[in-house]
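See below for the structure under consideration.
A, B, C and D are the chain letters, set down in written order, and residue numbers restart from 1 in every chain.
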Amino acid sequence: MWSLSNIAANIDQWLNANMSPTWALIVEMVIAGVAVIGLFAALGLVLVIMERKVSAWIQIRLGPNRVGPKGMLQSLADTLKLLVKEGMTPGGADKLLFNVAPFVAMIVAMLLLAPIAFAKDFQLWDLNIGVLYISAVSSISVISILMAGWASNNKYSLLGAMRSGAQIVSYELSAGLAVLAIVVLTGSLRISDIIQAQENGWWLFKGHIPVIIAFIIFIIAVTAETNRAPFDLAEAESELTAGFHTEYSGMKFALFFLAEYVNVFIVCAIGATLFLGGWMPFHIGNWHAFNGVMDWIPSSVWFFGKTFFLIFVIMWFRWTFPRLRIDQLLNLEWKYLLPISMFNLLLVTLIAIMGWHF
Amino acid sequence: MFEEVGTTTEGDLIINMGPQHPATHGVLHLVVTLNGETIKNVEPHLGYIHRSIEKMCESLTYRQFIYVTSRMDYLSAHINNHACAMCVEKGLQLEVPPRAQVIRVLMDELTRLASHELWWGAMAMDLGAFTPFFHAFREREVINDIMEETCGARLTMNYMVPGGVMHDLHPNFQQRVKDFLQLYKRKIHEYDELVTGNIIFQNRMKGVGIISPEDVISYGCTGPVARGSGVSSDVRKLYPYEIYDKLEFDEVLEDGCDSFARYMVRIREMQQSVRIIEQLIDNIPDGEFQAKTKAVLKLPKGEFYSKAETARGELGVYIVSEGGTTPYRIKFRSPGFSNLSALNHLVKGGKIGDLIAAMGTLDLVIPDIDR
Amino acid sequence: MEDEAMFLKQYIQDIWGAIKSLATGMKRTGYYFTHHKEIITQQYPDNRDTLVLPERFKGEVVMIHDENNEHACTGCTACELACPNATIKIITKFDVDAETGKKKKAIDTFVYHLELCTMCNLCVEACPTDAIKMAQTFEHSVFDRSQLTKKLNKPGSKIRAGIE
Amino acid sequence: MTASQIIFYLISAFILSMGVLSVTSRKIFRSAIWLLFSLIGIAALYFWMDVQFIAAVQIVVYVGGIVVLIIFSIFLTQQSGKEMPKAPLLRTIAGALAVLFGFAFTFLLIDQYGFPAIDQPFDNDVARIGNAMLNTEQGGYALPFEVVSILLLAAMVGCIVIALKTKPEEK
C-alpha cells in the first residue's frame, strides 16, 4: 500500500486523469527532478553525519553530539555555515571554469541517480544499458576534477588533478571488468533484469568464489574511483593540503563535498544491485516459507540497508588504512587488480556458459 | 644541504611546502623542486619560529635559563632541562643525590615514551591514517596526567633544577606509573595491528628515504635516525650520565637504513623505555630529592659541555662562563637541526609521498630546529 | 617453467599476506567501533564540576591570605629576582608600627603580570616565607589584556605578625 | 513543431555553439573543455535518438578517454595557462574560406541524398549489436572489429615503446 512504487503509480494515475499526457509528463519530470535534488541534499546530510559518527567511534571519540538530538543536526548546521560563507575565487584563476567545475561534479552525480532502482518497480529510467550508462557517465566526473585543478591556478590543485586523472582512468577498467562479471552471468545490461535474475539468491552467493573476487575488486576499484581513502591521493591533505579543491570555499566547496558523498552512495548502490540483489529480499532457492517471511520487509528497506552497509565498509576502510603512494596505486591496478579481474572474468564466463551457478 | 642555484630546468615545478602545511608539523618551509611527482631537490628554509633562545639564556641566571629550554624541543622538555641542569652541575661540581638521579631518569624515560607516542600518531597521520593518532593520544594522556600530578604541568614542566628536581615525587606516582605500564602492555599489540603490519604502510616505508651509515655520520644525524642506519649513537650507552650505566637496556639498532628502519627503532625504543621504567619504579632510593645549593649560583670561569639523549637524538649544551651569575655564551646542539639537514639526501629522486614519509621518520620538532 | 611457478606462488602469497594484514587492521578498528565503553572523550565545559586538578598544578600565582586577611609577604623581592620574565613587580612602602613607632618596610602592591608568566614555579621556590603559591585555575581568558595584570595582595591586608 | 523537435534543435544548437567556442577560444585548456561539452552534446543527441548503447559508448570513448588524454597532454605543455596569440588576418580568411567550402560540400551531398524512410521497426537491442559485432557471416562485423582491435593494440605497444625510452640526460 505505502510502498514507493504504489505512491508513484498513484501520482501517475492522478496526473493522467486530470491533465493532458504532455503536461502530465512534464509535471512528472519536475517531480522527479525535485525528488532527485531532495535526495541529493538528504544523502549529503545523512552521509556526512554517518561518516563523522563512524570515524568518531573508530577513533574512540564521541563525535558530534551538540546540535540537535545526539548531534544529528550537525551536518545541517555545517551546511548553513557553508551557505553563508564567502565563495572566493583566487586572482589568477580561470574564473569561468573555476566556477563551473563544482556544478559539473554535482550534475554528473545527479545524472547517475537516474537508473538506480530504489525499490521494487521504483526507478526513474530503466534504460536497457543501465550498467553501461553508469560507468559511462561516472567517467565524466574526472573532468570536473581536472577542471577544478587546472582552473585554480594552484600547483597543489594541479598535482591533485593529475593524480586523480591517472587514478580514475585506470581504476575504471577493473571496476568495469568486475561489473562485466555480473553482466555475463545475467546476460543483460538492464538493471531490472539483473535484479530479477537474483530472485532465488544473490549473485554473491550464487556465483561461487569468482563472484566474491569480483565483488572485492569492485569495492576496491570504486573506492579508488570516488577518491576515498586509502586512495584519496587527489586530496591527500598531508601531501597536497587539499588537492584539487584547495582553493574552493563556501558553497562551491560544499558542492564538491556533496558530489563525493553522492558518488559514494551511487557506487555502493550499484554494488548492492549487482552483487547483493538491489531491492531483492534475501531469498534462498526454493525455501518458500523463508522467502515469504523475507518478503514482508519492504523492498526499499532492503535496498537502503545493503547500500548503507557497503557505504559503512568504505568508511571503515577510510578510517583504518594509510594512503598509498601514486606509483603503488597504479601498480595495484595494473599489476594486481586488472590481471586478476581479467582472469576472473574468464572463469565467470566459463561458469555462465556451463551453467554452474545455482 | 643546499644545491647550487640554477639546477632547476625549464619544466620543473617548484612548490613552497609550508610554512603553513599540514605535514610540516609547524612552520617549516620546504622549497620542493619537482619533476612531475618526482622530487629533484628539497631546500628547507628555517627561521619562522626563531626566538633567539640562546641569546635569551645569556641574560638569565643559571637557575632561570633552564625553563626556557623546555620551549625548544617541547616534546622532550624534561630531557632538555635535564641536559642543562647537568651542565650547570658540572660547573658547580655538584653531586646529585641518588633519589634525584632515579627520579630524573624515570621522568626522562616517561618523556621519551610520550614523545614517541605522539610521533607514532603524527607519522601515521602523515601517511593518511587518522585513527592511530587518537589511539596514541589515549596512552600519552596517561603519561601527561602522571607528569601533571608530580611536576604541575603537562608539557613544559620545568621540573629539573640544578642539584636535583623541584619537588619530591607525588605519593601516587609509583602506583600510577605501574597502572600505565599495565595499560601500555595491554595496548602495545594494537600498534602493530593498526600500522606496523599493514601492507600499505610497509610499502610506503620500506626502501624509501635511504641514508647510508657514512652519510649519517657526515650529516651529523643522531638518535633514531642514526640508529636506523646501524650507527651506534645512544648517549645513554656511549657516555652514560646519571644512573644509565647501572641499568639494563639495549641500544636499539636497525640496519635497514630506510624509513621503516627508523620507524622500527622508535617502536622498539618505546619497549626499552618501558624496560628501564620497570627496573626503577620499585627501586627508588630514599633520601634527598635536591642537593643543597646556594641561593645564587655562580659558575667558575671556564667552558662546560654536557649532553643527553632526547627523543630525537643527542642534545648538547655548551656553556661559557666568565664567572658571573649569568652565562657568557650558551650554545645548544639540537638533534633536529642535523637530522633535518639530511632531508634532501633522503628524499631526492623519490615521490612527494616519500617526502612526507621521510619527514615523518625524522620526527621534526620545528622549535627545536629554529630555537 | 619452474621460475614462473615460483613467481605465481609468490604473487598469490603476496596477495594473501596483504589481505590478511588489512583484515587485522580492520578487525581492530571494528572492535573499537562496536565497543563504546572504550571512548575516552571528556566533555570539557560540562564536566567542570567533576574536574579535579592535581594540587601541584601550576595555573596562576596567588598570595595566601588567612581568615584575618593577613599574608606572609615581607616584600623582600626574592620572587621578583627569581622570575625570568619580569612577571612580578613589588612596590614597597614604609609602615609605621603602632606600638613601637618604628618604620618598617612592607608591601604596598604585589603586581603580577599573568600575561607574562610561564608558570615555571621559580618564584614560589624562591619565597623564604611561603607567601605565594600556585593556584589550580586555568581558565584565564579575558577580553582585555589589562585584566591580566593582577594585584595579588587583597585590599586592606597586612603582613602576619612574627614574620620577618 | 513538436517537443521532440524543439529538443533536437536545442541540442544541435548546443553542439554547434560549443564547437564554435572550442575553435575560437584563445586558451587551449578552455578549448578542450568546450570540445568536451560538444561531445557530450553529441551523446545527448544519441540519447534523443534512443540509441543508448551508442550514446554510452560515445561518452566512454570520447569524453572519458580521448578528451581526458587531450587534457593530460595540455597539462604537460608549457604554455597551458597562457593566451594564444591572435591568428594573422590571412590565416583567418583562409580558415573562413575552408569552413565555407566544407559546409557547401556537405550541404550539397546531403541535399542530393533523399533519406528514404524504412518501414522496418528500429531495433537497438544490445544483444543484437553484440551478435553483429562477432558475426562472421554476411553482414557481420567480425573482421573489421578484429582489425580495429589489432590496430589499437599496435598503437598501444608503440606508445609503450616510445614511453620506455629513457632520456640520455638522466644520469
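Methods note: a residue touches a chain if its C-beta (ideal position, glycine included) is under 8 Å from a C-beta of that chain, and two chains touch if they have at least 3 such contacts.
Per UniProt, the chains are A = NADH-quinone oxidoreductase subunit H; C = NADH-quinone oxidoreductase subunit I; D = NADH-quinone oxidoreductase subunit J.
What you see is a predicted model; the values in this text were computed from it and never measured.
Set side by side, the interfaces A-D and A-C show unequal numbers of C-beta pairs in contact, with more at A-D.
Remark: chain A and chain D have CA centroids separated by 28 Å (rounded to whole angstrom). Chain D has its Cα centroid 70 Å from the Cα centroid of chain C. With centres taken as mean Cα positions, chain C sits 50 Å from chain A.
Chain A and chain B have Cα centroids lying 45 Å from one another.
For chain C, residues touching at least two other chains, in rising order: 22, 25, 28-29, 40.
Multi-chain contact residues, meaning those touching two or more other chains, occur in chain B at positions 131, 138, 194-195, 198, 200. Counting partner chains per residue, chain A shows two or more touched chains at residues 58-61, 319-321. Of all possible chain pairs, the ones that touch are A-B, A-C, A-D, B-C.
The touching residues of chain C, counted against chain A in their complex, run 15, 22, 25-26, 28-30, 32-33, 36, 38-41, 43. By the touch criterion given at the top, residues 54, 57-62, 65, 316-317, 319-321, 336, 340 of chain A touch chain C in their complex. By the touch criterion stated above, chain C contacts chain B in their complex at residues 17-18, 21-22, 24-25, 27-29, 40, 53-54, 56-58, 82-84, 118-122, 125-126, 134. The residues of chain D lying in touch with chain A in their complex are 3, 27, 29-30, 33, 36, 40, 52-53, 55-57, 59-60, 63-65, 67-68, 71-72, 75, 80-81, 124-127. Residues 55, 58-61, 155-156, 159, 163, 229-230, 232, 236-241, 319-328 of chain A are the ones touching chain B in the complex.
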